[in-house]
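Before anything else, here is the set of structures, which you'll find just below.
Presented sequentially are two complexes of chain A, the first with chain B as partner and the second with chain C.
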Partner chain A sequence: MTKRAPTMAVAAGCLLLACAGGTARAAGDSVIIGLLDDLSGPTADLSGKGKVVAAQMAIDDFGGSVLGKPVKLLASDHQNKPEIASTQAREWYDRDGVDMITGMSNSAVALAVRAIARERGKVDVIAGGTADSLVGADCSPTGILWTATARAIAGTTAAVVSQTEKSWFMLTVDYSGGKSLEAAAVEVLKSKGATVAGIARHPFNTADFSSFLLQAQSSGAKVLALSNTGNDTLTALKQANEFGIRESGMSIVGLYFDTTQIRALEDAAVKGLIYTSSFFWNRDAQATAWAKRFMDQRGALPSQSQAATYSSVLHYLKAVKAAGTTDSAKVIAEMRRIPVEDPVTGKGWIREDGRVMYDMYVMKAKPREAMTGPLDVVELVKTVPADEAFGPVSTECHLKS
Partner chain B sequence: MVQLLGIPPQALFGQLLLGLINGSFYALLSLGLAVIFGMLNVVNMAHGALYMVGAFLAWLLMTHAGIGYWPALVLAPLMVGAIGLLLERTMLRRLYKVDHLYGLLLTFGLALIFEGIFRHQYGVSGQPYPIPDLLKGGSNLGFMFLPTYRGWVVAFSLLVCFGTWYAIERTRLGAYLRAATENPTLVQAFGINVPVMVSLTYGFGVALAGLAGVLAAPIYQVNPLMGSNLIIVVFAVVVIGGMGSILGAIVTGLGLGLLEGLTKVFYPEAANIVVFVIMAVVLMIKPAGLFGRER
Partner chain C sequence: MTSQIGAETGVEAGVRAPAGTGARTPLLVGAGLLLAVAAPFALYPVFLMKVLCFALFACAFNLLIGFAGLMSFGHAAFFGTAAYVAAHAAKAWALPPELAVLAATLVAAALGLVFGAIAIRRQGIYFAMITLALSQMIYFLALQLPFTHGEDGIQAVPRGMLFGVIDLMDPLAMYYSVLAVFLAGFALVWRAVNSPFGQVLKAIRENEPRAISLGYRTERYKLLAFVLSAALAGLAGATKALVFQLASLTDVTWQMSGEVVLMTLLGGMGTLFGPVVGAALVVTLESYLAATSLPVPVVIGCIFVVCVLVFRRGIVGELLARWPK
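Up next is the complex of A and B:
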């Protein structure tokens, strides 16, 4: 039997190699876009796999080539580990001639890659990470942040809902991401004269929320705000339904929720949920057509960060064409100069701190009987203009360009 | 308001009841592990994955065949049991004669494969599974709101746990089974087909995991990783109760659930580690576990 152990080790080794493969040597005569994202981990559905589709769609829509060179897409799995992402980003920029890196779900990864890109004067367009410091202390002359920050998402929801509901209970996942969502919402609530009746912090990946929900219920608050993400949000919603949170007169808001998650829950658990998104596929006919096209290719609806990836790649290629070169400084200057306009983002612009400015949408999940098709899952509560949603440029952002 | 050690009784009773609910999941899962370890000497690392498979089967039956919760409660465990039989017959059986570690490695590998397949096929976001109509809603107990479904989980899993305990410790079939683990050759000499009995035991053990999966589907998100989140705690429960002790698994499962609930009242930050602290203490004082016997 001991003979079998080496065989198993070899088999396991092969598996690991198969997962790590997938990057190709670059040719000097093409424009190369690197997509660094979670392709296999807990956020792969909401980000990585669909971003590969979205980025390729943008390249195809642009015509597949720019400045007479073909546009190539490389995709790599960062496994949610900043050190893996850093190594890959260095290889891409230094060896493989990658011109721009996008994706980067997970703020720790985004910050790591941002540092490397800034050091080399290379372009990074983040369509994933949501840390506020990406347009604050960690802003970069060659860096752009396409996704909305935690502050913009949570703050917008809090601002809109607190107009009517003044007493809140925060259910927060106990790590920096959750706490920054909570802080952003609490700051807005205080300025609007609303009160926080209680805060419960739960560990990441909690299976049972019942005791926290019990606390929320007995706090007497009118709004339960979920400052968590992914599966934690879904489980909390499911169990909130079970414990009759809505029946006891509370409404629920998701401070970080994606429209594509609605179908992962049964109707009773999710209907009426209020949250903010940067992408609303029913905004106009073009956005709807794009979402349908994405769905045909991917077999699932696009999340907001996948939509952002499409926009970021398309806008980058437009800027390369306008600049007539892939030189980072010139391309970035063009990216800031030409307005953003595509089916996903609608109309927008890029501010001097690298913040992409676009309208944000406060949405409410529809009850299932009111849905007419796969794309009809939410109603729009309010469109919040870009300036209001993103606020002024951070005083911590110092660009030496 | 009357207070108990500075804690309002509402919070205390509420958390204790929630602890009991979690405890009944621990009991059901650790029971399957204990049966498999006690009878087969296999440390079944695939238990969590099969619990996940049970939940997924319930979801698949519902979405693709329109079969609801109640039939799934019977069908899904049977199917998981059949998977278990297949695994035992084709793979696990070859490892009985060697060290426990090989069984552990094999089942761990199987767990990764199961999770990988479901993750690849259905992604990581999870699938919705509604509470059956009959068990919707809840009742206000004065100190807390008890969802009917959770009450059902406690009652049903207690029934299954004690049924299993009775079958193994108090019936003739159980006696054969226990005898077969003590001395398989001798029992076979009496004309009892020991290999078949062992296969069926493994099938039954994992069917319990599948059953827990179906019970969990309406409460937790049906997700490829739901098993690996739970399996470590369940192993701790089995170790504390005594590897292979049926009664130990049941009593410890419920007890630790309650204890976790209590910890949430007095010192919430420790709720996640209290089980492991107890495991460490028990291992130091009574290495065979609370109900285990030294071998």
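Up next is the complex of A and C:
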């Protein structure tokens, strides 16, 4: 066996060379936007696949070219692995002439790409990751965060609901994403004089919430706050319905919930759920028309991060046009200078720490009999102005500018 | 160093193999090395480094399953722990890269000693399940301990200056350092397999009661193989943390343990170069399919099914079996 081993070394080497399919693309004759997202994993539907549609919509709406060069969209599946994302981001920036990377629906991926982009002075516009440090310790002179952070989403819900409800119970998924949602909400609750009657931590992907729900019921709290995401939130809502949480006088808020998830649940489980979103497709006629267009192309309604992707690509192209170049520093300067204005975000601006500032919407899921069409699923509780929702610039963000 | 080992094995192989092949060996080793040295000029260095890290990881795993017959389903624990330790040491303690990697490898070896002492008391599926359970404990720790930063991972790890003189931020310097680490690890596996120790491991794999009856204290051999494998997996994980400048939960999940099994089986279990080929194949697919519209896990799954149905010995195993004598 051993005598053939060296032959195999050569074979392995040849295989490596043969597999090098990704030939260098000539940069300079087009403006290339890279979309790095989950295209095959658990969040592919809620983020990645729809983001490809949204990003292409933005390019088409812009006219398909800028500075006389065609705009190209490259999409890559990060498979929720930071090292795959990191390899792809390096290759895109270093070799393939990608001018801007967007997407990154995973905080670990977003942080990894942010580090690479900052090192190279390249543009990254995150429309997916929600880690607070992206506009804190990990902020970057060439980085922009389009999606709302955990602090903004959970904090806004807590601030609005705590005006009437003073006793809360937190049901938190036991990892840092859940804990940061919980911490953001608790901080706001304390400052508003509300009390936290109890906290239950559940493992990721829990199938049985019964003991946690009983704890919540016996705590005497008036609000059950779900500091979890995805399937955990859906399961918790279904089981909360079976346990009659609402009948016992508690209301339920989702600290991280997306409007597109409403239809995935039965009416009794979701009606009355209060949550905060960065995108409200019934905000005005333009937003509704955009959501309809998206639905025609994708066959599903747009999630917040998909809407953010559209907005980020469109704003980037506007900035390239205004700057007259794809040079990162100049484009970023333009992105901060010109106001954000499109059907998705409405009106907004980009703050010096890279935070995109826009209004946030506290919403309440409608009961099914009150819904009149596929786009009519929520009622607006309150529009929270950007400054109030996102708070001041973090003291941990140090930008040399 | 490598040529010396090549010569030694050439002599050993010559005893068992027909004459004439021995002369070819140094030539082929040289060609393989030349290819590895030239590769970064044709291919993207970070991609190659990833292949090398996973190849070393798969070799470490193969040492256990291919030569000692121990199917561990918890190797991600060593890989991931070492990645976290190396990343933390380089970032928070500002250790130079060589010390960070060394510390991480030692931690992985120590962890291997603990896991091994518990797991080798059982065989087959029980062994696999014990290693899986233990590695899930490590996963839980990685998720909960504050220094790992949960699912955000340890990011922006500095690569630092190797021995205080070589700047690893230079892609080529980093590549050749990783290549050196890989070759050293691979040489160790090669030496271990082609030593009396390796022969005893194979004897245990084939028939443990007979090895015991011949007077070998098999549990010691198995434990040593386990620790060696854990240390090498740790070396691979620590190197990977420096290459990508991050350590994340991906490295400690059970899927990572599964991935290394997949690499080894695809390449050829129990062959020296099988894991290298398997790792190169899987990493290449993950990288290059990512930019296509094909769902990566489905494609890799299909390839695995085909492998199990059609060429069960893996790519290298099948080539070796069909190679003209």
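Note that in this section the second predicted complex is superposed on the first by the 372 of 401 C-alpha atoms of A that agree within 3 Å, B and C clash if a C-alpha of one lies under 4 Å from a C-alpha of the other, contacts with A are read in each partner's own complex, and residues count from 1 in each chain.
By definition in this document, a residue touches a chain if its C-beta (ideal position, glycine included) is under 8 Å from a C-beta of that chain, and two chains touch if they have at least 3 such contacts.
Bear in mind that the values here come from a model prediction, so they are computed numbers and not experimental data.
**Student:** Of the two partners chain B and chain C, which one touches more residues belonging to chain A?
**Tutor:** Partner touching more chain A residues in the overlay: C.
**Student:** Name the contact category of A:S86: first (chain B only), second (chain C only), both, or neither.
**Tutor:** After superposition on chain A, A:S86 lies in contact with chain C alone.
**Student:** So, A:L234: does it touch chain B (first), chain C (second), both, or neither?
**Tutor:** Only chain B; A:L234 stays clear of chain C.
**Student:** One more residue to check, A:A322. First (chain B), second (chain C), both or neither?
**Tutor:** In the superposition, A:A322 contacts neither chain B nor chain C.
**Student:** So, does A:S133 touch the first partner chain B, the second partner chain C, both, or neither?
**Tutor:** After superposition on chain A, A:S133 lies in contact with chain C alone.
**Student:** Regarding the shared-chain residue A:G177, is it in contact with chain B (first), chain C (second), both, or neither?
**Tutor:** Touch partner of A:G177: chain C, not chain B.
**Student:** Now for A:A112: first (chain B), second (chain C), both, or neither, which partner does it touch?
**Tutor:** Only chain C; A:A112 stays clear of chain B.
**Student:** Tell me which partner A:S248 touches in the superposition: chain B (first), chain C (second), both or neither.
**Tutor:** Touch partner of A:S248: chain B, not chain C.
**Student:** After overlaying the two complexes on chain A, where does the chain B footprint on chain A coincide with the chain C footprint?
**Tutor:** 1, 8, 40-41
**Student:** With touch defined as at the start, can you tell me which chain A residues reach chain B in the complex?
**Tutor:** Residue list for chain A touching chain B: 1, 8, 40-46, 203, 205, 207-208, 210-211, 214, 217-218, 230-231, 234-235, 238-239, 242-244, 248, 260-261, 263-269.
**Student:** Provide the residue numbers of chain A that touch chain C in the complex, in ascending order.
**Tutor:** Per the touch definition, chain A meets chain C at residues 1-17, 19-22, 39-41, 74-84, 86-88, 90-91, 94-95, 107-108, 111-112, 115, 131, 133, 138, 174-177, 179.
**Student:** Along chain B, where are the residues that touch chain A in the complex?
**Tutor:** On the chain B side, the touching residues are 10-11, 14-15, 18, 21-22, 95, 98, 102, 105, 109, 119, 123-131, 137-138, 144-145, 147, 149-150, 218-221, 223, 225-226, 229-230, 261, 264, 268, 272.
**Student:** In the complex of these two chains, what residues of chain C are touching chain A?
**Tutor:** 6, 9-10, 12-14, 17, 21-22, 24-25, 27-29, 31-33, 35-36, 39, 42-44, 46-48, 50-51, 143-144, 149-153, 155-156, 190, 193-194, 240, 244-246, 248-250, 271-274, 276-277, 280-281, 284, 286-291, 293, 295-298, 316, 319-320, 323
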